[in-house]
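What follows is a group of structures, each given as structure tokens.
Both complexes shown next keep chain A, but they swap its partner, so chain B is in the first and chain C is in the second.
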Partner chain A sequence: MGERLIPGIQQAVMNAFQYTLFYLIFSLPLTLSYRTTKVINFAHANFITYGAYVAIFLHGVLGLNNMSLAVVIAFLVTGAIAVINNVFVFTPLQKRGSSPAIIMISSMGLWIAYKYLLYMITDVAHYYTTKNFVSYGRITYSDVPRGSIGGIEFSQALVASLVAALLIVALLYLLLEKTKIGRAMRAVADNPLLAEISGIPRSLIVNLTWLVCGGIVGIGGVIWTSFSGAITPEVGDSMILQVFTVGFIGGLISLLRTGIGAALIATIENVGIAILNTYFGTPVSFRPFLTFATLITTLIAFPPLGAGGGLPYRFLRRGSKK
Partner chain B sequence: MIGFDVVGFLISWLTLFGIYAILSLTLNLESGTAGITNFGKVVFYGVGAYISATLTTYLILMLNGVDVSETPPYDIRGVILLSELGKKNPLLNIGLLVSSLVIAFVMSGALGYLLTYPILRVGPAFVGFTLLSSGELLRIFLQHYEPVGASKGLMAIPTPFEWVADSRVREAAYLGLVLGLLALTYVVTHKLVNSPLGRTLRALRDDEIAALCLGKHVPRIKATVLFIGSGFAGIAGVLLSYYLTSVNPNMFVPAVTFNVWAMIILGGFGNLRGSLLGAAVITFVDRILTFVTPQLGITIISPDYLRWVVVGLLIVVVLLVNPRGILPEKPIKTPALDVMWEELRGESK
Partner chain C sequence: MAFDTKTIALIVIALIIGLAIGYGVAAVMGGGAATTVTVTPEKKVYTIGFTLPLSGELSSIGKIWEKVVKLAIEDLNKEVQAYGFNVEFRSVILDDGTTEEKALQNVQSFAQQGIKVIIGPAASAQVKAVKSYVDSNKIVLISPSSTAPTLAIPNDYVFRTVGSDAGQAKVLATLAYQEGARKVVIFFRNDEYGNAFADFLKNYFEGMGGTAVKLPYQTGLSDYASEVATLASKVQSEGADAVVLIAFDTDGANILSHAAESDTLSSVRWFVSEGPHGAEELLSSTVGRFASRVRLFGTRPLFIANPLYEDFKSKMVQKFGVEPGVFSENLYDAVKLAGWAILRAGTYDGEAIRTALIEVAKTYYGPSGWTIFDNAGDKAQQDYGVWAIIPGGPKGYQFKDVGLYERGTIIFLEQAYS
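Entry: the complex of A and B
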């Protein structure tokens, strides 16, 4: 019935589901890393890109199309980048008592540096292989099944992201709720000072959090290569609006609300643009405007107080008197 | 290095320096002094550039009796017509410059003011991020909006001094204009920073809650600062569009914002002279690279990428090694401070 009103609605709903899984994989680590380390990490976009490019270089330079191998290597590479960022930049700045804004600016610097470093690496790889790494096509993996069940097409990307998202959510739940390390992570998130006093090795826990967060996003980047038809070194940047909006919906605190945010943004973007495209002829590439509108609405209606140092101005009804 | 054109180099460097210094001075006012993490400087810069480009190309064609619905300025025929018609009427060119500057200031400033409504009530992370993403949205919009040339942009924008025959004199006159506007920006920001408003801004930056408790209307003050800063960024955009005589969406990527951030961090957070110094250093390196790159021939790695990696690392390294920058922030000039220094030096009567 909906098919008659909005052509392609079925595809839009399928896409919404697919994007929900991606946003989940990309945004959960953002929330987790912020609440444990109190660093707004704009270099988060690099994790997606580097994850994707680990898979691309394995495929394009070494000729391997084994996703499980790419996932393991990407986890290690992006996790290592996250730990390096923390050890050499964020921790020294925090120790000196720099404001969160300064640390955020340093993550901006890292973002730019990593992004163009990747461009340089693609240049070198292009020189040796004469392949175009700046726009790389979809990779078909040998070890991921695909097919259709009950009329629903399960692409490799859908299978991989479904498995990855379920595993990541389950493992994160087990890690945070059932293990000692997870309890220590939550303790550091709630009150770093108290956690340290009670004997939790804070810097180790923070580094471990960065490794896990960076690694998970890198895995998402690998899976992205089986979904997107043209992967560029801008892939992480093009998703940063959505990923951060999802994180902000979760207030950068709640993992559950982050998950809900992922579904919300994916639906608004995919189904919303299908409707607008049908009735108003809006170009499909205007999808980010819907996300931006959601972001602004979230900030006005539910300002994430506390996170990122916001002040409760909502309660300041009138201007102050002199 | 044969035939190195020193005068040409100086003119191009100083013009670029003037444009970027306007951006860095106002960003320093917003971020260094008021503590607004403005990661979206490029939005207001881009709006200014597109306003002047659209206004100039369309009006020159229309006032010369060309039907723009048939020959729009982004069309190849429009471009040819523009290069012919652009130098006919000096008065028109100057008039367009002045109106572009005024409209760009008002429009960019108003956009900055409007964007503050939702975001300045939340923390710096959200401010930075929202402004950053509005930059990306502007780019997506421009890439698909046909009247401003979509992804091709607008070309052959007649400069205000198009009617001057000698190209060297033309460039020098334009440099004069840029430096004049830079001086205006410096005077305005200097006055603001050393005014009671400037002291309030530093109070906001250092402790927002304390400023709020002392009865300062924090959102309104921040909105005012963003209006002024964005307005001047719009002016810088106008100057850029006339300098390059073309605009396209890919000129306004987030990296431009970080370039300006690198300038103020290098020069010194909260120090206006530092911003000038930072802008001078970074644009100088930029120009040198532009002059040297063709001599290198084809290299494996594009020098452009290397340049951006250096800018990114520069931000990180300066923050790690010397967070106050080359020229650290100084106390605000007040009569009381002067008296204190005099007394300390034992010069008081």
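Entry: the complex of A and C
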């Protein structure tokens, strides 16, 4: 019946659902990593891109189209990058008493450096294979089922992202709520000083958080290659706006609200634009504008910064106490 | 005091002797060098600047063009040396990321190096961005692929070795109409190229008796799933029987991949502009299967059955293992024209090269056909071919030229889809 009011709404709804899953996989680790480490990490974009490119190089250079293999390798690669960033850049800066703003700027430097490193790698790969890695077509995987159930088309990307999102949410819940490590993570998040005094190895916990967060985003990147029609080394960059918006809706604190933010942004971007286009003839090119408008509305409606309880005050209080 | 004067005198004498010896040595050495110069006169080196889309939305074809430049410079050097010119042409290739800003930066850095002939950039929006700079600095710019009719401007320094889209729009409209489409949705890049193409296409298609609805999309996005959903709803609500896609590589492949997932969009015909031709992303199994299902056809500037083109194609395959994609032959001819125009001008000066270029193009015939320019500096004689994506080749699917445009109709040379 919705079909008659808004033709083609079904695909828009499916897209919204698909994007919710992606935003969830990309944004949960952003919130989690900020909570524990207090770093606003722009190199988050690299985790998406490098995850996707692990799958692309496996497919394009080695001829493998096995998603489970790509997921494992991507988790290790992007997790390792996150830990390296922390050990060699964030921690030394923190030890020298740099302000959170300086650390955020250093993460922007890392973001740009990793991006052009990837361009260099794609050039080398192009030299040996004559394939174009700067814009790579969708990968069809051999180990992911697809088909339709009850008239709903389940693409490989939908199946993979559904399984991945459910597993990630379940495992994160178990990790944070039921294990000693998870409790330590939460303790570091709530009060790093107190946690350290009570004998929690803070740097180990922080590194572990980075590994998990970087790795999860990398998995999302792999799944993206089965969804998008053409992947470029800029893929993470162009998604960072949405990912941060989702994160801000959660105030970079609440995992539950981050999930709600993912659904909200995905719906606005897909169903919202379809409705606006049908009834008001709004051009499709308005889509990025809607995301920005949502970001600004969130920040104004829930000051200071974000619906989950205010990032900068927590941030400043912690920073100035040191 | 007397001792001091003596010492000074000695020093002065020693200095004079030293200077004399120095001059003598220099004269002998210099003389030696001068004699070697007269034996083998120095080769004159001319540099041609290239701003190519090695990344960004035209990267797939850009990577192929990089190889075309290599081949063309090699061939050009062999040719001029065979004619007895003691010159060498060199290329400097810069990546412009398919963006306007970087294209302008590249052109400016070429200008600082004193380069007077630049080939590229690829996209019309980029050419528009650098036009006023090259005009005011008297730098000859030859784009092998900019086709926007809005850039057909006489008496400037911008040349295009390809015909403007006013011609191609007519061919694409004819193709769609002849294949039975009566109501089409034109889904196009919201930029210089897409807007102008869509306007011309709509005019021609409605002139034939059809109806066309325009739907622009924002360029440079990471993904087009939501845009494709809107396209599907447009096709459904308008009751269209075909989609005409005016796109580049990355966006084109992305849109076709998502369209393959939609039942609505898989049940109408698809016609595509020259932009995505030659892009590897279109040969994925998703797009390949979709192309067969919707009997996808595209148009592109091509002088089909030209022996020089066949020769060029086999050279590319033999040397680099890649088939030349869209505009490769136009780029090859642009390099040759630039080289001969520099020699004909006799001086490395933008104004003289510009005049010489127009003359050289009148009598040059290459893989892209006869290169004579019209009064706006665009290729005057442009033929068009029809391409399809069919199974076969090392990647599973391949591009194939299956037809041509002749006197108002499309003639198919072979059946593309069973």
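FYI, the second predicted complex is superposed on the first by the 298 of 322 C-alpha atoms of A that agree within 3 Å, B and C clash if a C-alpha of one lies under 4 Å from a C-alpha of the other, contacts with A are read in each partner's own complex, and residues count from 1 in each chain.
Simple rule for what comes next: a contact is a pair of C-beta atoms (placed from the backbone, for glycine too) under 8 Å apart; a residue touches a chain by one contact, two chains touch by 3 or more.
Quick caveat, the model's predicted, so the values are computed rather than measured.
Using the contact criterion defined above for the overlaid structures, shared-chain residue A:119 touches chain B and also reaches chain C. Applying the stated contact rule after C-alpha superposition, one finds that A:248 touches chain B and leaves chain C untouched.
In the superposed model, A:191 lies in contact with neither chain B nor chain C.
Put chain B and chain C next to each other and count what each touches on chain A; the higher total goes to B.
Contacts of A:179 after superposition on the shared chain: neither chain B nor chain C is touched. Once the two complexes are laid over each other on the shared chain, residue contacts for A:270 go to chain C alone; chain B is not touched.
Look at A:285: by the touch rule set out above, it reaches both chain B and chain C.
Once the two complexes are laid over each other on the shared chain, residue contacts for A:203 go to neither chain B nor chain C. When both complexes are overlaid on chain A, the residue A:9 reaches chain C alone and has no touch with chain B. Touching of chain A by both chain B and chain C, each in its own complex, is seen for residues 119, 237, 283, 285, 288. In the complex of the two chains, the chain C residues touching chain A come out as 54-57, 59-60, 63, 190, 215-218, 220-230, 232-237, 249-251, 253-258, 261-262, 264, 279-287, 320-322.
Looking at the complex, you find that chain A touches chain B at residues 40, 42, 89, 92-93, 96, 98, 100-102, 104-106, 108-117, 119-120, 123-124, 127, 237, 240-241, 244, 248, 283, 285-286, 288-289, 292, 295-296, 299-300, 303-305, 307-311, 313-314, 316, 319-322.
Against chain C, in their complex, chain A makes its touches with residues 6-9, 11-12, 15, 18-19, 119, 126, 130-132, 134-140, 153, 155, 227-230, 232-235, 237-239, 269-270, 273-274, 277-278, 283-285, 287-288.
Taken together, the chain B residues at the contact with chain A in this complex read 35, 37, 39, 117-119, 121-126, 128-130, 132-134, 136-137, 140-141, 143-144, 208-209, 212, 215-220, 254-255, 258, 261-262, 265, 300-302, 305-306, 308-309, 311-316, 319-320, 323.
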